[in-house]
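Each chain gets a letter, A, B, C and D, in the order it is written, and its residues are counted from 1.
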Amino acid sequence: MGLNSRYLRYLVRTQPTALVGAIIVTLAIVLAVVGPVIGPFDARTAYPGNQLQPPSLRHLMGTDSNGMDVFSRVIASPRTDLTIAILGTLGAIVLGVPLGLIAGYYRGFLSELLMRMSDIVQSFPVFLLGMALVVVTGQEIKNVVYVVATINCPIYVRLVRSQVLFLRERPFIEAARALGGRDRWLIREHILPNSIGPVVANASITIGWAILLTAGLSFIGAGVRVPTPEWGSMIAVGAKNVYTGEWWPSVFPGVALAVTVLGFALLGEALVHVTDPTRR
Amino acid sequence: MRARSYVFRRLILLIPQVLGVTTVVFILVRLLPGDPAYLIAGSLATQDVINSIREHLGLNRPIWEQYLIYLGNVARGDLGRSWLTSSQVLEDVLRRLPATLELITLALILAFCIALPLGMMTALRPRGIADRVASGYGMLAVAMPDFWWALILVFVLFGKFQIVPAPIGRIDIALSPPPHVTGMYVVDSLLDGDWRRLQSSVAHLMLPAFTLAFVYAGPILKMTRATMSQALLGNFIMYARASGLPRSVVTRYALRNALLPVITMTGITYGYLIGGAVLIEQIFAWGGLGQYAVQAITSSDYMAVSGVVLATTVFSLLVYLAMDLLYLAVDPRIRY
Amino acid sequence: MVPIVRVEHLVKHFSIARSTKALQAVNDVSFSIAPGETLGLVGESGSGKTTVGRCVLRLIEPTGGRILFEDRDLTSLSQESLRVLRPRLQLVFQEPFDSLDPQMTVGQILAEPLRLHTRLTSAERRDRVFELLELVGLRRQLTEYYPHQMSAGQQQRVGIARAIATRPSFIVLDEPVSSLDPTARAEIIDLLIDLQERLSIAYLFISHDLTTVRYLSTWVAVMYLGKIVEMSPTEELFEQPSHPYTRALLSAVPVPDPEVKRPKYVLEGEIPSPINLPSGCHLHTRCPAAIAACRTTTPEEVQVGEAHWVACIRAHELRAQQAWEKQSFPPLAV
Amino acid sequence: MSVLLDVRDLRIEFHTSEGIGRAVNGIDLSVDERQIMGIVGESGSGKSVIASGLVNLVNPPGKIVSGTVMYRGRDLLREPDRSLQRIRGREIGLIVQNAKSALNPLIPIGRQLANAIRAHGTRDAQAAADHAILMLEKVGIPDPVMRLHSYPHQLSGGIAQRVMIAMALSSNPRLLIADEPTSGLDVTIQAQILDLIHTLVHELHSATFLITRDLGIIAQHCESIAVLYAGLIIEQAPVRVFFRHPTHPYSEALIKSVATTRERGRRLLPGTSPNIYDLPGGCPLNPRCPLVQPICREAMPGLQETSPGHFVRCHVRALESN
């Protein structure tokens, strides 16, 4: 199923929340590209003597305890968060989809082994595993990306496998076999195109989770660190001030974070809904 | 009995699962870049110090030997000694487990109590105002970063209105913990009949538990609504209504069928929370497993890290096992 | 005429997980089909008729027996040489929608066999697709349609067009009309007859519906629990059904004419499991004509007419009885 | 004989994102006490929606937009839910297709049956259980006491259908609605089930709507027939009259389509049933009809009586008969 305009229109009509999601996602992606350059202040610079200013015209969202402009940092953060989340999700897909195809199409030892491995990875508490992985591999952005990919990979192995299992018993696959198509032909021409829709839909949801995970890791200091603009670490920086009443350094990045995750979740849900083959 | 053989096989399955998890933890700590000895010693240590630590930890032996030793230790319940607290990791874990369990169990009960009636109500009256509000809340809760939400609540309820105690610990600083029975302060003070401690521990528990409940009720609510409305449109509900069964019976039929996936969802959430309440524990200085994990990680206490990961994972495996057995009891279609 | 397909002693057993027993789907089935003719294979669910169809095309591997297509034994061919033969042996499915890839247009679906087996240019392929559509009575505009945009009847026409795209000489029709409404069903049947006459294809027509089998087939074989219990030319079978199972099947079909009441010939209970087959004659648990010997004796095929075989130890006896009944009651009509 | 159920101008629509689907377009239908009335139609003709409309149980997005269903002086479409509950199941029994999915998968069939029996007056649990056993025996289920503890997934399609018949008939309903009761079953099982229904409704003196797509079933089991096309009754007659003189061109094609002997170039209807979201103007059959006249594209024909008790909705045939 191509993401053509007719399809998008259908999506919006049947799932009105999809439109909201799509707008938020678009905005977030635009900010990821231009966010760091359009802010009124440099997002990585601390301005001494400028700490904890409440929101004003000059500092729309106030400044934090380091004297950094919260607004500039909030709009610069998508570049960090989205990059990690999207690259991590892509990694999970690139790794998970072929493994899922193998696990679904070929029965036997290899398929069993893959599934048991996915089981094991999935039985770990996600957040602790993420934390441990980041710390062991070193606190760099690229390691956070690997962690997001590793943790989410089993989701795609499972998803694609269940798609393939569902598809491989369908008469149209048997028809292609009866026409003399080899396994590779069947996978390339029929199975892959029919399983990719749910993958795309789930990717949106995974990106949302990955943003939350990244922010959470950064919040406890196991992810991205100051001065790199990132919502989770911004919330952490502001956390100690919240008790004393300076709420703005934490609240604004939190709102931005929640709205972004909501956007990806809304879009993803709508996509899952329309790409679910059992609903056709 | 086939059911009994299913239970037996499901229990047997636990062995390779735990073995697999242990292996992954071993690989995680020993094979990934970052020499544990180096991590422990810190960046300023001399090569000699590092070497002696390596020897002490058995890191100079062949890797398979290390693996077998590790497996043997784990089987005996020896998860190593924590660098930071210098006590056995297993002891540390067991000491902190009740705090976390108390928190997440209450959170989950609250979440279930919020989600189930809301979900049912919205499914029974779709497209109403309640439905819109509830599904909006469901969506929002899923997207909400729990640690941020906790901060907001602390800011408003403690910072502004002072209706909850300060987010530090599980009981008033002035009070000593109740006599240890279960390790859960609320339960222990109840058993002790100590009114003041009970009051204080409940007051400390409410906010973090509610924060978690608010967030994790979201997915449960969505699941309840989805399965319930699906069940209500199902063939057998339509038929039950056509047979003139009273509304209460019809709703019961639907609920029982809708509940199965909801229970699974709740179980998965429980398994997730054991390691997922880390941030909330951190914010409320809860002193549970999560905070222990953060401490261990920030101070590169790798024995503690691997121990806590292993312990929580095994805990979630046990929760999933319980879910499967519950399913078996409730759904007559499962007969493998 | 020389048969184009000969099936000899076909056996298919499926192994069952965690069990030493096997599901005996097909047990020693033999038949042959001549070019331009149709063998109707009738049976209820669990009779093994669909498995026979899949085995004949070697889409599932038979456990035993031989399948001769133009005198070559398909069971001994390698997958690769089988692949070369595939365009000549085709299949039409029961569920027309499920048999078409939902992501492909009709044009792409019909071009697939051509891409796999011919070196046609895309323009030539296009012409061939139009030709195929015309053969099955569909408009050219449909090449741009997706399966879900068509009615079930149209979808089945596309399925048939795909099957004849590579000019096969033998097609297995696996309940091709049973999911269709009566009027669409009749149209597809007429189309199949028309194509057979034009292209002289041999059909193996698998169905549970005696009415369409009678309409379409030259020969009929009736299956019960993995065995053919009766086989004969179509009209002979419908006029003189000689196996108790065939009689029961015929009497169970409701006649679309209120004036005709068929004599009741009822089978008791339900079909036994093909995992625990009954001893002797498999029908004895339900057969109204069963005698003690039926429990122990496996019936041999008895020839009762010129080309009419019945696997029943009481075949001659029952036919005599039937002939007597026929004098006293109006003839069976379908 | 007196009229038991009388349907007037029933209209049911589906409001979805594709627009308005007119599934049932003004149906008049009545059944006398003890009469067996057959309703035949192909998929999309609205026959199953009618079945749920008769007991006022149309699932969303379907909606009953007009009409009356008079049952013994009460309009079921305007009756409050409470009293409908007392009519459904107790006075009007329903049998649907695919019984296995119509039974609650988590409850043993004995309890489901007893629940239905208790909903209709038998308060005592023991009496309800006894009655459940009696009903299972009545529908020919071997070893009923043991079967009480079976779950639906353990039953074959035929047995499940028998259980459902037991449920529908447990309170001696005056009317039975059987909506494709045998679709998906093998012919020998179908014959058993149809004979069972036939025998039991005679025994209980119930009137029956038998909804099916198989003309053979109607011919063998019904007294009169109504033919549905695109949510309309296009022909209605006593069964013998209908099969001897099918009058509507659609009915003719329907009968021809189940012929058993080959007829060269038999004339069927080209094309397919119309989309209920996009019905053609005038007579809904006009795009496929061999007799089509200009008027057929403009005006909807009325249901006209061509001979006593024989109604046809066709401009051309109505003219011919006058």
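A few points about this structure:
Convention: a contact is a pair of C-beta atoms (placed from the backbone, for glycine too) under 8 Å apart; a residue touches a chain by one contact, two chains touch by 3 or more.
Since this is a predicted model, take the numbers as computed values, not measurements.
Contact with both subunit A and subunit D is made by B, C.
Across B-D and A-C, the chain pair carrying more C-beta contacts is B-D.
Measuring from the averaged C-alpha position of subunit A to that of subunit C gives a distance of 51 Å.
In whole angstrom, the spacing between the mean C-alpha positions of subunit B and subunit C is 57. The distance from the centre of subunit A to the centre of subunit B, each centre being the mean of the chain's C-alpha atoms, comes to 22 Å. The set of subunit D residues that touch two or more partner chains is empty. Those residues of subunit C whose C-beta lies close enough to touch subunit D in the complex are 44-45, 151-154, 181-187, 190, 193, 208-211, 214-215, 248-249, 251-259, 261, 266-267, 269-271, 334.
Residues 57, 59, 83-84, 86-87, 89-91, 93-95, 98-103, 112-113, 116-117, 148, 159, 162, 166 of subunit C are the ones touching subunit A in the complex. Within the complex formed with subunit C, the subunit A residues making contact are 1, 170-172, 174-182, 185, 189-190, 193-194, 277, 280.
The touching residues of subunit D, when paired with subunit B in their complex, are 52, 55, 57, 59-60, 81, 84-90, 93-94, 96, 98, 101-108, 115-116, 119-120, 151, 153, 164, 167-168. Per the touch definition, subunit B reaches subunit D in the complex via residues 126, 233-236, 238-247, 249, 253, 256-257, 330-333.
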